[in-house]
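All chains are identified by letter, namely A, B and C, in their written order; residue positions are counted from 1 within each chain.
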Amino acid sequence: MAVKVSTLDERIKLTDSADSPLDTQEYFINMGPQHPATHGVLRLMLKLDGETVREVIPVLGYIHRGIEKIGEHSTYRQFVHLTDRCDYLSAMMNNWAVSLMVEKALKVELNDRIEYIRTIMAELERIQSHMLWWGVLGMDLGAFTPFLYGFRDRELITDIFEETIGCRLTMNYIQPGGVMDDIHPNFVDRVKKVIEYAKPKIDEYEELLSGNVIIQERLRNVGVLSADKATSLGVTGPVLRASGVPLDLRRVAPYGVYDKVNFEVAVGSVGDCWDRYWVRIEEIRQSMSMIEQLIDNIPAGKTMLMKPAKKTVLPEGSHYAQLETARGILGIYAVSDGVSDKPVRIHMRSPNYNNVWSADEMTRDSRIGDLVANVSSIDIVVPDIDR
Amino acid sequence: MLDFLFGQLVATHATFDVVTLSDRTTQALAEDPWLAAGYALLGLAGVGGFLSLLGMALIYVERKVAAHFQCRLGPMRVGWHGMLQSVADAIKLLLKEDIIPDRADRVLFLIAPVFSIIATTLGLILIPMSPSLQVVDLNIGVIFISAVSSFGVLGILLAGWSSNNKWSLLGAMRAGAQFISYEISVTLSLLVVTLFAGSLQLSEIVQSQQDGWWIWRGHIVGLVAFFVFLIASTAELNRPPFDLPEAESELTGGFHTEYSGLRFSFFFLAEFINMFIASALAATLFLGGWMPFHIGGLHTFNGLMDLIPPGLWFAGKTTFIIFLIMWVRWTFPRLRVDQLMRLEWKFLLPVGFINLFAAATLVITKLYFFPW
Amino acid sequence: MSYIDPKKSSRSAIEVGGVPVNIVVAPRGATGDKREGLLTIFYKSVKSLLTGMKVTIGYLVRPSTVVTQQYPENRETLKMFERFRGQLRLVKDENGYMNCNGCDFCEKACPNGSIILQDRRNSVSGKSELERYLWRLDSCTFCNACIQACPHDALEWSDGFEAAVYDRRLLVYTLNDYAGPPVNHIKRFKKKAGTPEDRVEELLATMEPRHQYGGPTPLSGKGMPGVPPLKTD
């Protein structure tokens, strides 16, 4: 199949010029890097025809910090804390991905306690990420109140993190060979309390936004991404599942203790914003049920199996591990020379980078308001795109 | 029985004589020019002071109400429970640098906010706040208000055009389309009350509700007209869920993206005063304005209601509607541009027309309550 | 146009690549023959709007749901969690002797060079010991790697979170308040057979005080060209 590669120079040419004074003309406008709806410093160049978006060209790199390059100069254990800074809303899963890669390469067998703690923490992280996303989607669509409700409930989960770990956002908790600290004695009680509190809140979310007819009109049949297009774009996570592809690594290629819990994979049928919205809301519920299944059965055992101060040298060759973050599949690829405790090359296959390109496919020939809904429903975290 | 008990107190049905400030000025002009000048000055200073004070008060109330809708406290630092926050903000806005973008259309850019605030002021002077508190009482009051409120859109259009910013222009174009569309629905529901009351004069519309407010005297027609008016005027106020000209998550601020300092505060103030005007108008037309809650024929009840001064009635009703508008704002998301137009042209407009015909039928057949 | 009831999802079990997967499919609203009438949709839509308004008014009328903390006023009651990563400090025993012997493990573990250790050799015991422990809060990412790497439990987090200063140079701390032998060295020195009492005092006399902002770099206190000298009180 021949692929036509178009450069940015070609794409920013106007195809439609005004012949007579009465003709309308296409024009370009920059959405971002400073714009309330791009959640940071994403820059979208829009080719507009009046209010209609003809093309969306994401321009990346405004928060590029060379994290992969720094990774080549850090040990694996040091690199873990950098992954916190990529997708900061799934910091726990990012840490886990690096740890998984190292453990896979060194063939470290973990005990159940570590796996249980990791899984519970990752699911808590997923819940708080989706709660924040829910609030931000509300704000992008013009309702400010959900934003604060989402943050209010998310704070309780970050409280759990803070009690056990000491940090709320960039936690650096899951380490190669285990977890940094054992869970706090209050952990189990607090998690149960928060889940009990949050369950009715999710119903309230549904009353406030999901059931709202304006939201349904704003989301339904907006930004349709077909399953074919989604898979060919390499989209993963809730965005892919909303298009009807039930690819969830937690189910399809289980890691942690996901093979021991029962949960359902939320999928959509059309692939529009409404499906993406609903899939995430359902994922919060599923994560809660997963935590409920795990929280009472945390077995005893050590929480760190590799000595932190000891040099970690991976065998020569390339190593890869992937898992499902709140936004999709995160893969960590590392090449080791077998001598140094630092990788020769480290690469992150980040979910947001692939997801952001679907914005163009979703948005063509719809309105600016739809673009905002689409970008919001993709749920991008810009530092993870640029890294 | 009640008549027996309160017979002395409420023997006669209270009547209200409307005396506006302009009436007083005209009367005094012949006898005492100084008094006339005093009245005129009072009117001017009153409107000016009222405009700014009310604006600040509304901004404070909005922030507090919004905060408590969202489990927050809102302003708490300046003064008791942040009462003086608006004053601090006003001072800050006055001291801010006044930025005029390079290559903006300077003249239009400078006068656009003034247009907005003038339209607002002109609307404010017509509002009958109590029998003795009204600046001007035009006999074409309803038409005048709808004309003046359309004038406000000129300021927004000019602001968006002159800013030389594509986002502003988009916002201004949205504003133009939106305001012109929703103006029709507002006028249609105004006409319903005009038909009921048989007058365009605001004070007479209030007087006509002596036996009951039009919202319930007009059966379901009054109610429908009230809701159409509320929805359409929220759209005209440029408030969520119809705040497309600003749409901060889409257009980064829309027509006032490039404005700062005093000029921005003009737009801001105009928006909040417009909210007051719309609420006061809704209260005046549908909820009887300063007229106490009366039910035709029940003299005792009406007399009891008359004990509450008309000014309080007006304030209470207006506050209620302002709260309703705020409540809606802090609950609902924003509509999309085409949905906004669809709501007006495919829903509100037909409903408005049918309602107007129904109202005409009611008036001809005198089927509404207390048709004497 | 139809109204979607968010509760009406459908469940089924399928196989993806040989793995059985239970799926929940998002509700889409009635279509085709099952389409609801306009009035039903209108009724449901208005009801949905009113439900949303009920949620928000519920919070307005219950002031107990307010979650705002009035920060500077609640300083007394504001308590951090015990593991809170506030500021790094050296563990000291009851006599004020630290555990740190300047072994460099933390410096090596630190991912971005926020920890700089300077060692010296003690003239009495002949052992290497800590001269200065520099910690740069301005570049620290609070990743806990230093504490994890420390073999002597010499480091811990304090719960101080109010670290804001007006001058960046004030963010470079000298963590040790004396340069000299750690508590281990002193104990072992005492235990050593035949050590006279005055030798121990001689060892303790090698301790020199170190000020929090007494570091060697211009960043921590000394004057720079065009920059006024730092007030460190």
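Everything that follows uses one rule, which is that a residue touches a chain if its C-beta (ideal position, glycine included) is under 8 Å from a C-beta of that chain, and two chains touch if they have at least 3 such contacts.
The structure presented is a predicted model; accordingly, all values stated were derived computationally and were not measured.
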- prompt: Quick one: which pair of chains has the most contacts?
  reply: A-C
Message: Can you identify the chain nearest the overall CA centroid, using each chain's own CA centroid?
response: A
Task: Report the inter-chain centroid distance for chain B and chain C in whole angstrom, where each centroid is the mean of the CA atoms.
output: 52
Query: Between chain A and chain C, what is the separation of their C-alpha centroids in Å?
result: 23
- prompt: Taking each chain's centre as its mean C-alpha position, how far apart are chain A and chain B in Å?
  reply: 46
For chain A, residues contacting two or more additional chains: 145, 152, 208-209, 212, 214, 217
- line: Multi-chain touching residues of chain B, meaning two or more other chains, are 69-72, 330-332
- line: Among chain C residues, those touching two or more other chains are 49, 52, 55-56, 67
Query: Which positions of chain A touch chain C when the two form their complex?
result: 74, 77-79, 81-82, 84-85, 145, 152, 155, 159, 162-167, 170, 172, 175, 180-181, 184, 204, 206-214, 216-217, 220, 242, 246-248, 251-252, 262-270, 274-275, 278-279, 281-282, 286, 308-309
- request: Spell out the residues on chain B that touch chain A in their complex, using ranges where they run on.
  value: 66, 69-72, 166-167, 170, 174, 240-241, 243-244, 247-252, 330-339
Task: Quick one: which bits of chain C touch chain B in the complex? Just the residue numbers, please.
output: 49, 52-53, 55-57, 59-60, 63, 65-68, 70
- prompt: What part of chain B is in contact with chain C in the complex they form?
  reply: 65, 67-73, 76, 327-328, 330-332
Message: With touch defined as at the start, can you tell me which chain C residues reach chain A in the complex?
response: 1, 3-7, 9, 11, 14, 16-17, 19, 21-29, 44-45, 48-49, 51-52, 54-56, 67, 81, 83-85, 105, 109, 111, 141-145, 148-149, 151, 157
